[in-house]
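What follows is a pair of complexes built around subunit A, which joins subunit B in one and subunit C in the other.
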Partner chain A sequence: MQLAKYMQGDVTVIALDGRLDSGTATRVQQDLEALVPEGAPVLLDLSRVSYMSSAGLRVLLLVYRQANDSGARIALAAVPRDAYEIMAATGFLDFFTVSDSVADGVTALSA
Partner chain B sequence: MGDIQPWDGGRLAGRTIAILMEGDFVEPEVHYYQRRFAEEGAHTEFLTRLWGQRELTFNGHEYQQPFTVNGDLEAVDEERLRAIDALIVPSGMVSDRLRYSEDIDALAPATRLLKRAFAIPTVLKGIICHGMWLASPIPDVVRGRRVTCHNNLIGDVRNMGAAYTDQDIVVDGDLVTARTADHCHLFARTIIDLVAARRARRPSWTKPPVPAVRRIETEPATALAPAGTRAPATTGSAATGAPATTTPATANGSAATNGSAPRAVTALTRPGVVVSDLVAGYVTRYDADSEVVELRTSDGWPVRTRLTGTVSAEFLRNLGDPRIDASAHLPELLTPGRQLFVHGLFYPDDDAFDAKRLVFLGRRPEEYDFEKPDWWVRQIQELGRFYRRAQFGSGGPIDFADYRTVLRLGGEKADHHIQETDTISRLVYGMSSAYMLTGDEDFLDVAEQGAKYLRDHMRFVDRDEDVVYWYHGIDVTGGGERKLFTSEFSDDYDAIPMYEQIYALAGPTQLYRVTGDPRISADIEGTLRLFQRFFRDEERGGYFSHIDPITLSPHHETLGTNRSRKNWNSVGDHAPAYLFNLFLATGDDRHAAMLEETFDLIVEHLPGTDSPFVQERFHADWSPDYTWDWQQNRAVIGHNLKIAWNLMRMMAVRPKDKYRKLADHIGRTMPEFGSDRQRGGWYDVIERTLGAGETRHRLTWHNRKAWWQQEQAILAYQILAGHTGDQEFLRQAREAAAFYNAFFLDHDEGGVYFNVLADGTPYLLGTERLKGSHSMSMCHAAELCYLAAVYERLLLNDEPLTLWFRPSPGGFTDRVLRVAPDALPPGRVRLDWVEVDGRPYSAFDPLGLTVKLPDSESPLTVRAHLAPAGDPPATG
Partner chain C sequence: MLERVDAYPNQWISGFGVRAGRPLPFGATIVPGGINFSVYSNNATAMTLVLFRRGESRPMAEIPFPPAFRIGGVFAMTVFGLDAETIEYGYRAHGPYDPADGHYFDPGRILADPYAKLIGGRERWGAPRDSMVYRSGVACDDFDWESDRQLNLPAEDLVIYELHVRGFTKDPSAGVAAPGTFAGLVEKIPYLRELGVNCVELMPVFEFDECEGARSDPATGRPLHNYWGYNPIGFFAPKASYATTGRHGMQIDEFKSLVKHLHLAGIEVVLDVVFNHTGEGNERGPTISFRGLDNQTYYMLTPEGYYYNFSGTGNTLNCNHPVVRGFILDCLRYWVTEFHVDGFRFDLAAILGRAPDGSLLSNPPLLESLAHDPVLRDCKLIAEAWDAAGLYQVGAFPDYCRWSEWNGRYRDAIRRFIKGDLGMVGEMATRMAGSADMYLRRGPAASVNFVTAHDGFTLRDLVSYNDKHNENNGEGNNDGDNGNNSWNCGHEGPTDDPEVTALRDRQVRNALLLLLTSHGIPMLVAGDEMGRTQQGNNNAYCHDSPISWIDWTLLDKNADLFRFVRCAIAFRRSHCALRRRRHVADSSPEGLFPALSWHGVHAWMPDWASHSRLLAAMFYGDDGGRHDCVYVAANTYWEGQTLELPTLPDGLAWHLFADTAAPPPQDVHQPGREPLLTDQARVHVGPRSVIVLVTHPVPTKS
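And then the complex of A and B:
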């Protein structure tokens, strides 16, 4: 799993690339903790996530809380279909802002 | 100024003392620290907010002496903070300058650093003189803790909720405070002693800031448990052996006083003081002419009591009952053998106790109103109504979106929008139990909607692992829904604690007994798989107390002091919280086997030879953990009683002599150590072993009495008496029930009080005013009503009991409804008759206590009439 961070205007975009499962979750969580800015909007680009397990969902939950605690808005972009279905079934989608593309996500967070 | 090198041979060699700095510091104080800590070998570093500069030079308060600082407090990351042994907030105006924040909604960087330091018990916090100013935006860190400060700040620290203590130096766990800069030598000396005494560090995980909502009456903890590690209460030499130096120190100097506290003396020997108190006793003699009543307390202490002209008397009353005056009947009531409570005054010049208020427990001697058949049923009905009204209004629709964990004393909701999973689960438990005793469908409606809400909002179905776990709760501020995935309680922050998962099952399981809803059963089984696969210690048995939220491992380093640990809750609390009830509903051998393993582990590992109380905290290999947070080497009295109670329940499932023996042993030894035998009631947290020169175990926080621990005593002694017929156990059961019913029922607002003072007066401060929060939420109070009704009627008083059930259409495997009211000795209860939807029904097993349900498209209403069977035990 590779992580890349770049700015789109005021929005920090973090792109995840690879499998997010129990093998990678701990490291991804640590990396995200360091990359998620305090108090500024952040967009997680999941378009290149090939697989997401429940451990991956738990990582998203912790990142979500970290962002919330620092007052940052957080959104997900381009959630892979499989992951989307799991997230819908487990009630995740109710509390994340989800957009189809990075551009839409940036627009939503900049609004 | 040249560098002052630490002395390599000092006892603090390798240790780091960090001191916050700003302008208007007190020169002699700071210079003293520089030299004194170096003399002991410690490295001293000065930190300030550098405002983007490489260094800043400040001037001192008295002589404007310059002092250059290049340590950046904003650059202190977690690793560096953990490496600091003591963080000092010095005197003068330093703290005031450092608490400046340009953003009025944000904490100043130095305050943030201090807050982070408070989350790490291994970092000693030293705050002297006016230093407490820096903590004023984060009062949670000192709330309930003993501190001292400059006399000018006494009002401030009291407003922060700290316990101001009139001493020059105060040590409270990992917090050392001192009165003024003129005490900097004593302050430094105390810090040196404590840093030196602290053991080689274990890897410590830094907790994020303690959230605003703190755990309220955790069963394992108490409301105001300071978060410190073990340290001497005060360092005697520093605190009291010092001369009272009285030179003003910094701003507005005012004289310090000598801090030696008065010697503690017992109430009755305190010279010249009128003491108000409570006596619980049995009448031995009444002389109408002299108006003197002689009483004997539970432990045999005689009390000569005088009825004053202003004495009032009343009978015990249940929730919902009016006060009934007894003043006119005193001569008839004050007959030998009768138990009563007397509030009154002890005067120093009189050996008699001046009675002011009497509470009688029944109309006749040895009559106890709480043993009347409908007492507990009416009580649970009133509790159910209180929580129904408080959460959803009276009579209207039930919408759990309106549910709040924090309820104020009268049931009003506070401006607080958290819904904790475990408090909803506890409400579901209480409402299900209320339905079983009363058949009131409104209670069942609350329970079913609560269970559905838990399923829809609090549940995480982990499809990869095929397990279920439960969120800590959700925050519904502003109509949104923010999931709180891991625990928000400071004990367990950022972990998944077993305790919360166990209690998430309490309500749904009790409801499952009533409805057999297969969706509930699936979630219970999924959660049990979580326990077996991730919490369980396959090698040494038992369950770990916490797992990491990402890896689901109990051994992950982020768990800090909760890493690879077991405790009473994680090992034993399964049984009372849900496992007995699950077994009663299913009759499944797997559940009986899990119970058996639980009690085998309890008997093997919890009793210690070093104390009358069980050991509650363990490492993975079952060696005792005496270091954990607030628990140290302390006992929760109610846990001991809970163990006795549940061992006796286990005697009805898979009896073993060792279970009975341990329960009996606890039952016989506990009153002396854990109860208040002259006032009644049971205490809270206590030191497991005696200190030097002590003959009584010390109470850790206070001598208050918590509602749930009274419950444990009542149930433990009722079931012990029910099994054995032992009159001493029966007496303990009655005394505990008398105290609870006399002092915990809130006749003004409804519900029960959280804590009362030793004399039974409600304690209504801080979080202990609340009625909905953690473990208050209709859990223990309702459990008491339900089980006291079962034990009193069926085991003790030879009376029948009718229970209500409401099986759902697809409910219960093979359509078998199990109606056993609790794990009672086989053969003691039989099922006399059954009604289904109001009609007599015959397909039931009177000795197996099961009903073969008819097929139905809609829920059925089942009434099961249970009656005592067989011979009552011989009295002994």
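And then the complex of A and C:
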């Protein structure tokens, strides 16, 4: 799992690439913790996530909680279909703003 | 946070670092650095933990529990370096194989953990069993409940709606994204809110084996299922195929999400739980878990080692054995604490009062424990107070002033009354008044009133068939109850005869209106509010097909009926006189009228004669200074009758809420907007009809 961070205006975009499961979850969580800025809007680009397990979804929720604590808004972009369905069925989706694309997500967070 | 000093192995077995585990809690628990496995058996001589990589048929490791890892009858071991998400496990139990003595140990079998929180291998409904079936899985128990808690609705305020998770949304007409699942049910919450129910009772959701049994539908040749699921395999595990995320092992999260969403909608969750038997059947049944781990402890056995069969399914769980009692208590506490469940309905609960030899206990320790348990204190506990061996305890269940019961006598009385049986007026009155003959000490909410339940005819079929039609069940129509107290209204089954169909429509409304104005907790079966039929099948346990599934197109076809039920539920919820905490016989008078009075052709003069077919009740309550007065008259005679109404004091007037003789939409009115009755002195009740009146203040002239 590779992470890449870049800025789109005021929005910090973090792109995840690879599998997010119990094998990668701990490291991804630590990496995200380092990359997510305090108090500023963050967009997670999931378009290149090939698989997301229960542990992977928990990472997203933890990042959400941490961002929330620091007063930052967090959104997801381009959630793969399978992961989207799992997140919808388990209620995880209720926590996030979700956009189809990075551009839409940046717009939503900049509003 | 400081690391734990025991977060490291102190010996190696089969390539895995291990150390002596913690005996409590039982089951598999994620601990720092690894997973703690704890399993008990009072008769096993040794135990082996078998580990699998998820999705692989052969074990990745077998780790015998060293003798030093055993405390009493408990085998406990922490295994380090395991990934909870990608492993599954089971046990091999060593000990004597001697069925006559009650022992079935066979280390050749890999057994499921009775405390398994996930059960693998049954993620796809109806899939044939393979070698990977009934693997135990390790669960992540974290979930963001936010501020969710049990709702703790007053029991007398409940309107229970019994439903089957799969059948509720499996039919394509449900129009949901995840048909037949917990998530699919979430999509239907707006419907439940519109209907107005505030409690769903879910038919079994513990992992069960729907492929048990070898019968086929004689008409189609298709294999039949155990669709209802009253044959549990994993008491701690939500059924994987009831979760659209089951293939990802996320059924726990999905079920929690369901409970959370229902609570947000103000709807409680009661689980129908089966602790009277397991899915292992009798001597010829499969050995999945309990039989192989400690047969003598888990099952009621005859002196010769055979299974007692009080459940009618082959075996009987030894529920008053101290160990099994603990198992049941652990299980219920788990569902309450982990899943925020609001209550339980216990299938064939009379068995829970039986001793290990099957005899009836006067003070059954299991039932007493459940009644007084601190974790379960505010849970609804509802007993199906009979069993399959003839024990019938309705009204006599060991209740500890805590248990409610499915009131089978209410069901029988209302069915006989509405079809016009003679001699029923007195009993119907008793049942409408909360069955004080049985529940005076406990209050009306001890009585769960119902006309139909999953087991038996649907309401539409109750007025369309004299006899059951279970040919499709593959037992030559010999299964299912013969005593249905049903009446087909003049023609057996479907008909176009307008008189027959009109009468059926009326009889359905009569039953629903009486149910929803009776004291006690009303229970509806999903689909009855839209005229669901099973084509006369009164035992559809085996049909995973449109016979059992809800056909949502009925909602359009029978929109009038749905509107009627919705209004009747709303009416009940807006009248405290119908939802009493104590029986009227146990209450002091409070104002204008007695809390409940009986009437007839003449006001204040009920006719209790055996030839009477008329019952009129006036419920009265003081709703915070507002007079709450509801008059219900039921005429089961084939001609109409005119009744004198009780005279109201100045300032109050009778309004018409419902008249089942009137064609829709005049059959029912919006609660609070009932039209004024032109004649305040008398009212006409049509043939085989029920009317409900309500008082409103007379508007003062300005």
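Convention: the second predicted complex is superposed on the first by the 111 of 111 C-alpha atoms of A that agree within 3 Å, B and C clash if a C-alpha of one lies under 4 Å from a C-alpha of the other, contacts with A are read in each partner's own complex, and residues count from 1 in each chain.
By definition in this document, a residue touches a chain if its C-beta (ideal position, glycine included) is under 8 Å from a C-beta of that chain, and two chains touch if they have at least 3 such contacts.
From a predicted model like this one, the values you see are computed outputs, not experimental measurements.
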item: Which superposed partner A:Asn68 touches (first subunit B, second subunit C, both, neither); value: first
item: Which superposed partner A:Thr26 touches (first subunit B, second subunit C, both, neither); value: first
item: Partner chain in contact with A:Arg58 - subunit B first, subunit C second, else both or neither; value: both
item: Touched partner set for A:Ala88, first subunit B, second subunit C, both or neither; value: second
item: Contact residues of subunit A, present in both the subunit B and the subunit C interface; value: 21-22, 53-55, 58, 61, 65, 86, 89-91, 95
item: Subunit A residues touching subunit C - in the complex, by the definition given at the top; value: 21-23, 53-55, 57-58, 61, 65, 85-86, 88-92, 95
item: Contact footprint of subunit A on subunit C as seen in their complex; value: 83-86, 140, 142, 144, 177-178, 181-183, 186, 243-245, 248-250, 253-254, 256-257, 260-261
item: Residue ranges of subunit A touching subunit B (in the complex, touch as defined); value: 21-22, 25-26, 29, 53-55, 58-59, 61-62, 64-65, 68-69, 86, 89-91, 94-95
item: For the subunit B and subunit A complex, residues of the former touching the latter; value: 208, 456-457, 460-465, 480-486, 549-552
